[in-house]
Amino acid sequence: MAASTKRLLLASALFTCIAFALYLPAGAHAGDVPLQPAPEGRELFLTSCASCHGDDGRGTDLGPSLEESGAAAADFQLRTGRMPLGDPDGPTVRKPPAFDDVEIEALVAYVASLGDGPEIPEVSAVAGDVSEGQLLFIDNCAACHGATGNGGAVGPDALAPSLYVATDVQIAEAAVTGPGEMPRFTFETQELNDIVAFIEDLRTESAPGGADIGGIGPVPEGLVGWGVGVVGLTVICFIVGSHRRDRAMNGGRQGDGES
Amino acid sequence: MLRWIDKRLGVAHWARKGLRKIFPDHWSFLLGEIALFCFVILLLTGIFLTLFYRPDAQPVIYNGPYEPLRGQEVSAAYESVMRLSFEVRAGLVMRQIHHWAALVFVGSIVVHMLRVFFTGAFRKPRELNWLVGIGLLLLAMGMGFTGYSLPDDLLSGTGLRIAYSVLLSVPFVGPHLAFLIFGGEFPTEGIISRLFVMHVMLLPALIIGLITAHLLILWRQKHTQFKGPGRTERNVVGKPFWPQQLMKSVGLLLLTGAVLAFMGGLIQINPVWAYGPFDPATVSAPSQPDWYIGWLEGALRLFPPFDLTILGVTVPSPFIPGIILPGVAFGVMAAWPFIEARLTGDSAEHHLLDDPRDTPFRLAVGVAGTLFFVLLTVAGGNDVLAIMFNLSVNQITNVLRLAVFLVPALGGLIAYRIATELRDSRINPLGPDEGVSLKRNSSGGFG
Amino acid sequence: MRAERTVALALSASIAASIGLVIVYVLGGEAQLEGVLLGLSLGGLGVGVTAWAIKLLPARTETEEREELASSDAEEAAAEEDIGGPIEAMSRRKALARLLVGAGGTLLGALAIPALSLGPRPGDSLFRTLWTPGARVVDRDGAPLRPTDLVLESVTTVFPEGEAGSPDSQTLLIKVDPDLLNLPDGRAGWAPDGCVGYSKICTHAGCPVGLYRAESHQLLCPCHQSTFDVLDGAVPSFGPADRPLPQLPLAVDDEGYLIAQGDFPEPVGPGFWNVTTGGGKLMQRHRTVHH
C-alpha cells in the first residue's frame, strides 16, 4: 500500500473511532446495566449538588447527607424536579426536571454509590389490588394527601401534593424515602403495587354524581350550595315577585300591570 | 266537588274568607317560601331514601360494583348507601337532590331570617313567630347534622367524634351526657340507629309542628308590608291568596324543585364512596362538616389552647366554642325582639316594615352578627384556604383569631355610618335618581 | 299573546321532559340525565304556572283592613276570669295544691328516669385503654413489631396484641433518632431505640392525629390543626389542643418485640371535667411515676 494511502486509512480509522466515541448512543436505560458510579455522575454532582450536599455527599449546613438516600430518593427528587433546589430554605415543589434522562441516571447511580439507601422500587399497578390499595391508602396516605388524593396543607409550610401528576414509580419512591416532611413507610412490593393500583383507579375514576367540584368535600359543596342554590333561588324570587315597594294603591281596580 | 265537601264539613264560608285573604307582594317575602319548599323536597326525596337505607351498624362485606371497596368490611348502613348510590335506579340522583336541598334549606332559612331581621318584621306582635323561626333554624341544622351522619362514612364519623368530645367537655355531667346520648364510649354501635330516629321521626315531627305554627301565626296576624302610598299600620295591600298568590307559590315550589333537580343530577355531592367507611383510627384531610355547622368548626379551630383547671375541675377548651358560644349566640338571636324593644323603648305594634337605613343601630348589629358567623365559617375551612391561596394555615388561623372580632366591629360601624348618611340625605342608591330640586330666590341666588 | 305562548311552551317542554325521564329510567337510568330531565320537567311546569299567575291572571292589587289583633279589654278580662278563676280557686286550697304540684313534678321526674337507660355510666372507662403491662405492640394486621422492622422517620398506627383496631387504644409508633429525643423526666426508658409511642386520639376533640411531619418531628391533627412535638413528649405547639398526647411507655421483650410497659399515664383523648383528678387508683399509680 502506498504511504499516503496508509496514512489515509489510519486517519479514517482514528476519525471513525473518535466519531463513534463521541456520538455513542445514550447509555444504559433504566434497569439495563448494573449502576456503576459513572464519572459523569460525579461531575454533575459536583457542579449541581455539592454546594449544598457537600463534595462527598455527606452534607453541609445547607443540605443533608445523601449517604442513606439511595437511588430511590435521588431518582424521585431529580425526576420531579424538586432538586436541584435554588434556595436551600425554599419549598421543594414539583418543577420540570433540570436534567435529562441520561444525566439523571448518572446522578442516581452516583448518589446510590454513596451508601446503601433504597433502590428504585419496581411497581406495577396491574399487579396490584385496588381494594387492598384503598385500605392502605386510607390508613397511611389520606390524612395528608386526602381521601381523593387531591393533596392538602400539612402545617404552616408544607404541602402534601396532589397525586394525579406523579408516576407510579415516583409514588413508590416517595413512600419509601419520605422526601421532605413526608414520613417513610416500609411497604412490601405487593403493598406498593396495591397503592399505585388504587391511585391509578382514582385517576381514571369518573365522578358518577356529575361535576367533581374539587373532590375535597363540604367546602366547595357549601360554596356551590350558596352560589348556585341560594343565590339562584333568590334571583328567581326577584323575578317572580314584585320589586317596587311604593306601588300606588288601586283600590281593587284591575290592570295594575305589575310584573 | 266543592259542594260535596261543604255538605259534609260546612266550610264554604271560611274557605271563601281565607282564599280572599290579601298578601303583600314583595319579592323578598318569597324567601321563606323557598325554605318551605326545600323542606317539601327533602320530605319527598327523604321518604324514597328511607325505603332503602338501613340504620344498622352491623358489619357486612361490601360486594357491590365500586371496586376500591369490594371485599371490605363496612357497616350495613354504609353498604345501604353505597347500594343506593350505585345499584338502585335513580338512587344517586335522589340522594344528591336530598343533600343539595339540605344545604339550600338552611341557606334559605338564613336569608329569610336576615330579611326579617333587617326589616324589623320580628317586632310586636311577631316576637313569637321569630322564636318559632329560630327554633326552625336550629332544627334544620340538627336535621342536616343527623342526616349526613347516617351513611357512617369516614368524614361524618369524624364529625360525630367531635360532637361526642364537645359533649364530654360539659362540666360535671359531660361524660354522663356523652355516654347517655351515644350509648357508651365512642364509637358505639347504637348511635347510627339513634340518629336515624332523630332524623326520620323526632326532628321532622318537630319541624312540621313548628312550620304549622309559623304559618298559622302568620295567617292570623297577616303579613307585614313595606311602607308606601296607601299602606298603613291598619291595612294590608297586596293580592288575594287565591288564585294569584297560591299559583305563584305553586310555581315557586316547582322552580325550587327544578333548581335542586339540576344540582342533584349535574353536581356531585357527598361522595361517600371516596371517603370510605368510618374507622375510628383513621382520618382524612381536609375534614369539614357541612357549611351550616362550619361556624362551630371554625370556633373550635380558632379558640386558643386554654384548658381551664380550677380546684381540680377542668373546663376543656372545646366547651366554650362548642357549647357556650352557640348558646349565647342563639340566646341573643332568640331574645333580640325583646332586647331591641327594651333598648329602643318601642313596644308598639308594627305591621309596616322598616327601611334598614332608618334603623342604623339594628343594621349595624345585623351586619356585625352576620360577619361574625361568616368569619367563623371561613375559619372552619382554614386548611382549605391555605391550599387554595398557598398560605400558611397557622398564619391564617392567627389572623382570623383577631379578624373574627375586628371585622364585625368594623363592619357594623361602617354600616352604621352609611345608613345614617343615607337616611339623613334621603338618597336611595337602589331607586331612580330623583334629581335635586333647585329654587331660585328673589335675590337671584339658589337656596 | 306572548305570555300565552310562554306558558304553552313551558308546559309542553315539561311534558316532553317527563316522558324523557320515564324513558331514561326504563333504559337503565343515569344520574345526570335524570337530574336534567327532572329539572326541565319541574322547571317547565314551574315557569308555566308562574307565568300564568303573573301574566295571565287579573293582576288586582287589593286592600284589606287589619282588625284589631288583640281581643277587647272586656273579652280579655272575661277570659282571665273564666280560665284563671277556677285555677285561683283551686290554689286557695294551699295544702292540696302543693301536693298536686309535688305529685306532678315527681311523676315527671320518675317518667324521665328511664332516659338513664340510654347509656352506661362512664365509670373509669375514660381513664383506661386496652394496653396492659407486657402487651405486644401490633400493627393493624395484628403483626408484632421489632424496632428493626421500622425505618427511621416512619409512623405506624399500632394496637395491643389481640385488639388490633381498638378505638381507644390506637397509638402512633414513630421511630426517631434517639439523640434527638428530649422526653419529660422519668421517661428516658419509654422509647427503646428511638421508638416512641403516643396516643393517636387528639386531646382536643378526639380526631385521630393522622399527619406526621417527619422533618419537623411534629404530629398534626387535621380536624382543628393541633400540632404536637414528637421529640419532647407530644407537647402541643399550635392549635387548640392544650394537653400533650399521652405517651405509651414502651420496652422490648425477650424476643426483641416491642411491648407496652403498662397503660397510658393519663386519660387518652379530649379532656373532661375530672381528667386531671379522676380515675381513682388507676391514675394515682401512674401519676406518681412520671412528672
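First chain written, first letter: the chains are A, B and C, and each begins at residue 1.
The working rule: a residue touches a chain if its C-beta (ideal position, glycine included) is under 8 Å from a C-beta of that chain, and two chains touch if they have at least 3 such contacts.
No experiment lies behind these values; they were computed from the predicted model shown.
Looking at A-C and B-C side by side, the one with more C-beta contacts is B-C.
Ranking all chains by how far their C-alpha centres lie from the centre of chain A, first place goes to B.
Measuring from the averaged C-alpha position of chain A to that of chain B gives a distance of 41 Å. Centre-to-centre spacing of chain A and chain C amounts to 34 Å, using the average Cα coordinate of each chain.
Averaging Cα coordinates per chain places chain B and chain C 19 Å apart. Those residues of chain A in touch with two or more other chains are numbered 139, 142-144, 152, 155-156, 208-210, 240, 247, 249, 258. Taken residue by residue, chain B touches two or more other chains at 25, 92, 96, 230, 237, 248, 251-252, 255-256, 259, 263, 265-266, 279, 282-287, 383, 393-394, whereas all remaining positions touch fewer.
Residue positions of chain C touching 2 or more other chains: 31-32, 35, 50, 54, 59-63, 140, 157, 208, 210-211, 222, 238. Contacts from chain C toward chain A in the complex involve residues 31-32, 35, 50, 54, 58-63, 140, 149-155, 157, 174, 208, 210-216, 218, 220, 222, 227, 238. Across the complex, chain B is touched by residues 25, 28-29, 31-36, 38-43, 45-54, 57, 59-66, 69, 115-116, 118-122, 125-126, 140, 157, 159, 165, 167-168, 170, 200, 204-208, 210-211, 221-226, 236, 238-243, 269-277 of chain C.
Residue ranges on chain B touching chain C, taken from their complex, read 21-22, 25, 89-90, 92-93, 96-97, 125, 158, 161-162, 164-166, 168-172, 174-176, 178-187, 221-222, 230, 233-240, 243-244, 247-248, 250-259, 261-266, 279-287, 297, 300-307, 309, 312-318, 349, 351, 382-383, 393-394, 397. Taken together, the chain A residues at the contact with chain B in this complex read 130-131, 133-135, 138-139, 142-144, 146-148, 151-153, 155-157, 159, 198, 201, 207-213, 215-219, 221-222, 224-226, 228-230, 232-234, 236-243, 245-249, 258. Chain contact summary for the complex, chain A toward chain C: residues 139, 142-144, 152, 154-156, 158, 178, 180-186, 208-210, 240, 247, 249-259.
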